[in-house]
């Protein structure tokens, strides 16, 4: 598998570390235990196109949101996490 | 009162043995450790990429790289190291973190990496063949031209790699490797290069 | 039909023309007391125990492809009960005891080979962790031995003791652990269950659940029509989330690919099953002679049943680091299976929140050794609506309660278990 | 003296007759030529019997001339370089080559295990599943060892592989598998387009079937066209032709695996060179021009030495000028097979007969027969008379029922061709059936890949060139290369006519999978027993699982299954194709990463100094750390460690703690950020102070701990444990970039920037005053406990000084830039000399932390909560932080959790061991009263006894209770007392003084 890092270009799988589904959002502080349980433990476990968090650990250390098909491993989009490249926010 | 000497020791001090190594005959690979440099990581603060760039331009006279490139200034090389950040590499004492602090005050956070890395220059006819054993990125001259840089990995270890000016008609690559990994990676580099014949040395010249 | 050397010799006289199918290839009936989704080891074992132990014989096992085509047919055949945490220890030992009588129980030789499972340690910290685990095993009546380096050198002089990056200090040995012929386990359960009247229905894919007005599951929709069921049990590791989703459930499970490898057949080299403690590598040698080995999961969600090169290299590096004499032995085949990676690395065997639907899932990469135990406790649950005592901690709500069973201590990140 | 090459033709072939090579097979000397394979050299020397089969130990010869060979497997080389199961058909001959036959005892000629053939009526497919069940204990003791000994073919070397391997990356626009006509044409088109091309050829000479079958291309003899093409390609700087290289697998994202046998054609690799190299080729496009594999016809006796694939026989005759037989019979069901008769006649060999299963043969072949003076028999071979010395007579059943016998010493067989669909099918693609050629062809392929030529079912030479050229041009175009492709090479297409024939019924064993001894009747038995799915067939009979991966057997097997189950071949389908295309040495996949190079090594800044001191090192993750510093006369590690601890507790010592993860946290929101990742507050930490922090995972379990200091309003210096350094950095970046992108914070790892030393003991200040600039105030007031700031050292160097203590003593940690680390160690020795300074290692560090009851790795085991560790009170209730909510779940706050306590043996002379379990006194150990276990132990010099920490159920409530430490693994069982985990200076006066 090769992932096109939006900052570095196309790189080999070994440079990246996987975290998992990017869909669950960390609940706000007072969301309650059930919401956090859902966030931490339950997964859609998509068979098909899924948005995922990958970390370019062996490269620029950016967290990426990768759109990938879990049936074929085909990657259709890669974008940086909100805070990667945030220096350009509002600039 | 005791007399202290604060000797500087490169992390490759013990491992590097100057001279020929590996296959006999004309060396296909030249490995040179560059010693005595300052290296400062410059990271833009949130929303301050523009200000940081401006500050860099003022100090170095060149635009700071905002993509994987190494940009040569008069007395420094600015090497992209990730989104919103770059490294300032200079001869020891030129652009120390103390000197750069005021320049980037308010626009960027600085972190001294001068001692965190070892700098190795790789050149020679077989440099690419040797690097192909260590690096997964494409170093073809059309793809990785002079000034191209990459934050990448070798032997599962993070490195910063860029192509400097050609040397004697041959491409020259520079490698910043983490200091505590340096000796280990050095041996791996030697193993990879041995079949081509190696000339080993160190220098304070960039 | 009874299998033995005598029946074999008898059949030989007729040129083996007299053999009947190992299991009946059944067509679906309208309704069963219990429908098991998944004709793998767990599903078939569940059916056999339902029929043999709990007297429920009106049972169907539905398999979307051929039986054993999932993880039962693509694993590294290891059996062991060397677990350290309450919940796991007793369960896997129950399973181990069932392995020990399986062949006679089923009248099928699954080549259960108790050649020993050896986990190597390379540091004091690892030794201490193994000591804790081994003592847990002993306290639970399970065999375990802590070997030091001298004992290991005697037993396996060919390991890399001399110039290893992480020198071997010793190992935790479970002599009763070993291997079993994975396909034969599937065929054995199919054979024995079929003899007791269980319908094994291949090429029958479940496409949905039939629910009554109260939401209770009363049957399944399949590629071969609707089949009614008193209860439905799912044993579809690798596809659990997909099947559960048909009932509107989300599970604490991710699907990940685990690769495995076999070398060319060579004359006997390795006496036991061995895991490297300083890298991702475990290995045994099949009776046919191939080194069967594997390592870590690829680490990303996948249903693709194939992996990538970094893990192949990582595993072989481990192999060479541990047994440098296998350098010239060739890797013959690589394959990938889809693992139900649960959030704590431990399975789930429980009633689901949907009435009538029972879950057997989350086996991570340890499902094969659990086959008989899983079948037994799942049959117990299906028959009695009550968890078997050895599966009492495998509840689905343990994550809500904070009662995880996390052997590796990695938390809710499945690819680290 | 080597035997002469009696079966070598006087001229011809692609061998170098000027380079004679001597070799030995089963101890006997022979000679061959450069350009030979071991198989061709054996053929030239008239050797027919080469190996024994897997199950029945039947005598076997050479069936093919390529990597699909099932029979001619040998142990190549000897000693540490012994390579089992090496295909003689691909092993390049070199001078001094040694090979031995396999799976026979005592000799190839007389193999005792051939007795297995007598039991053949019982040893049918799957027989072992039906027996060996009683008595149960006999399996491991008797049956299994016997089966294991009998199975397996060659023997692996018994010692470490002495050769080196490495791995490399290559990048290109188009990678091409195979250098036959299609592959060469593809390379031409792609290369002319300006594409970067890599052409992989597993043979040592490019050309594929052209090497044996010749032909005319662009009006030139094939050999000349190949030479011209290679020259043109060689002139293109971005075209790389890699011979001895097999493209074995395709992985995601256009990554291909290839194995280059760099030096297997030499007795051993030259100095500094590797034996083999694993290539990871990244290519935008791939053209599979891997050709096709001729398939056998299954008939009784088809495994007799001397029965050979028709194309292989041509290879031996034409390419190697070696004659497998003097009088050859040919059994074919297709036009192509006839070429072997043509080749044989051209080489001056006798053709005994052509047995053609088709009703008709072409007029050209009919006239060839009359010219050659041999009969054309319409029918099929039903039996072979012969044995280990080869074929003698062939029984033929003629169309219409009559029988005929043909005397011959060699039988060439052609059942048609199977395209090599492996690479195109490795992503679980299933090939599709084509009736016209009665073969499976690729049906799609992984992204970017296309098959061309024979691999795609185009068997004519012209078609191969056309498909290859077009595929190469298209691949280059897709990769963005648009140069002029020039003219396409042209050749005629031969007629291809075939009548499918898979299996000829007859008396005697007819082998489908020759290596695994799977017969046609085994396939029928499998069907009878319900193993009708091809995957069941494969698993039940082991068909296609041998070292040839079923290249010559799979399709025949499933065709026979289709016939007996009354289904069509496409309905029956194929099994899943799995990489690698050819078996690949495990050593090659490992490359450089073995022995000491298995993983990288990290060295601390003072490593070489410590080594000079004679330190014993321990592996901690990738680090080498000084574990203790033995002194002459010390009898064991315990004595050294005890001395080091005493030195610290009574004077002063230092330890390199640079392995801790160190992270610069910068930015206006740094404090707010740390508040969210730690359970305790950091925004309130004053500049110049340090604080101990604890992080949880989001599931509420403790993740890591460490001390974090505030060096400036917007700059914190965070430390992690050694083990978690990288992971914590990743976690913090996740928090920064994903969870809290609104915060203005920057993170940098400075782990390698700083050499950090812990200096501990009552004389610490005395030592520091020697080394720190006298202007710095180190008094308790001027530098209080948990103070942190930059100081100047004598000589002007700047350092960071932290007044923190892990040992419980008055202590500081001092950081200097890493290149000064070694100097710092030396200077500490100089400065501390008057105070008896003692360097200490990780063991002494560990002793002192246990004495102080500090938790570390064994307690932070990924299942403990802050409360379990006695740190529950640190959890802020005033802010949100990672893990806060989940930490409150019922089972994580239950009163009966196992929590950290101190443990000491009642008998003070007793040694305590980690991993012992805690059982209530007087109770018999069992799962229901297992209350916890010992996590960390040490011998405490201060208390003069072994002490430890443990995780014990309700431990804090049970302090003072005497319980059992139960350690059956080590045969120990003794009383211990549960106690306060802080054994030493519980009030903390020493570290604050």
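In order of appearance the chains are A, B, C and D, and numbering begins at 1 in each one.
Methods note: a contact is a pair of C-beta atoms (placed from the backbone, for glycine too) under 8 Å apart; a residue touches a chain by one contact, two chains touch by 3 or more.
Values in this document were obtained by computation on a predicted structure and should not be read as measured data.
Think of the whole protein's Cα atoms as having one middle point; the chain whose own Cα middle lies nearest to it is D. A comparison of the B-D and A-B interfaces places the larger number of contacting C-beta pairs at B-D. Centres computed as Cα averages put chain B at a distance of 32 Å from chain D. Between chain A and chain D, the centres computed from C-alpha atoms are 28 Å apart. Chain centres here are Cα means. That of chain C falls 23 Å from that of chain D. Contact of a single residue of chain B with at least two other chains is seen at positions 43, 45-47, 136-137, 156. Shown for chain D are the residues in touch with two or more other chains, namely 167, 169, 251-252, 255, 280, 282, 427, 597, 599, 601, 698-699, 886, 889. In chain A, 1, 12-14, 17, 19, 37, 40, 57, 61-62, 72-73, 80, 84, 86 are the positions where the chain touches two or more neighbouring chains simultaneously. All chain pairs in contact, by the document's touch criterion: A-B, A-C, A-D, B-D, C-D. Residues 1-11, 13-14, 22-23, 41, 43, 45-47, 85, 108-117, 129, 132-133, 135-138, 140, 143, 155-157, 178-181, 183-185, 187-188, 191-192, 194-195 of chain B touch chain D in their complex. Within the complex formed with chain A, the residues of chain C that make contact are 241-242, 250-255, 299-304, 308-310, 343, 399-400, 412-415.
On chain A, the positions that touch chain B within their shared complex are 7-9, 11-12, 14-15, 57-62, 80, 84-91.
Note for the complex: chain D touches chain B at residues 164, 166-171, 196, 238, 271-274, 280, 282, 592, 597, 599-605, 608, 623, 658, 664, 666-668, 714-715, 743-744, 746, 748-755, 770-771, 793-795, 797, 817-823, 827, 830-831, 833.
Chain A makes touch with chain C in their complex at residues 1, 12-14, 17-21, 37, 40-47, 50, 52, 68, 70-73.
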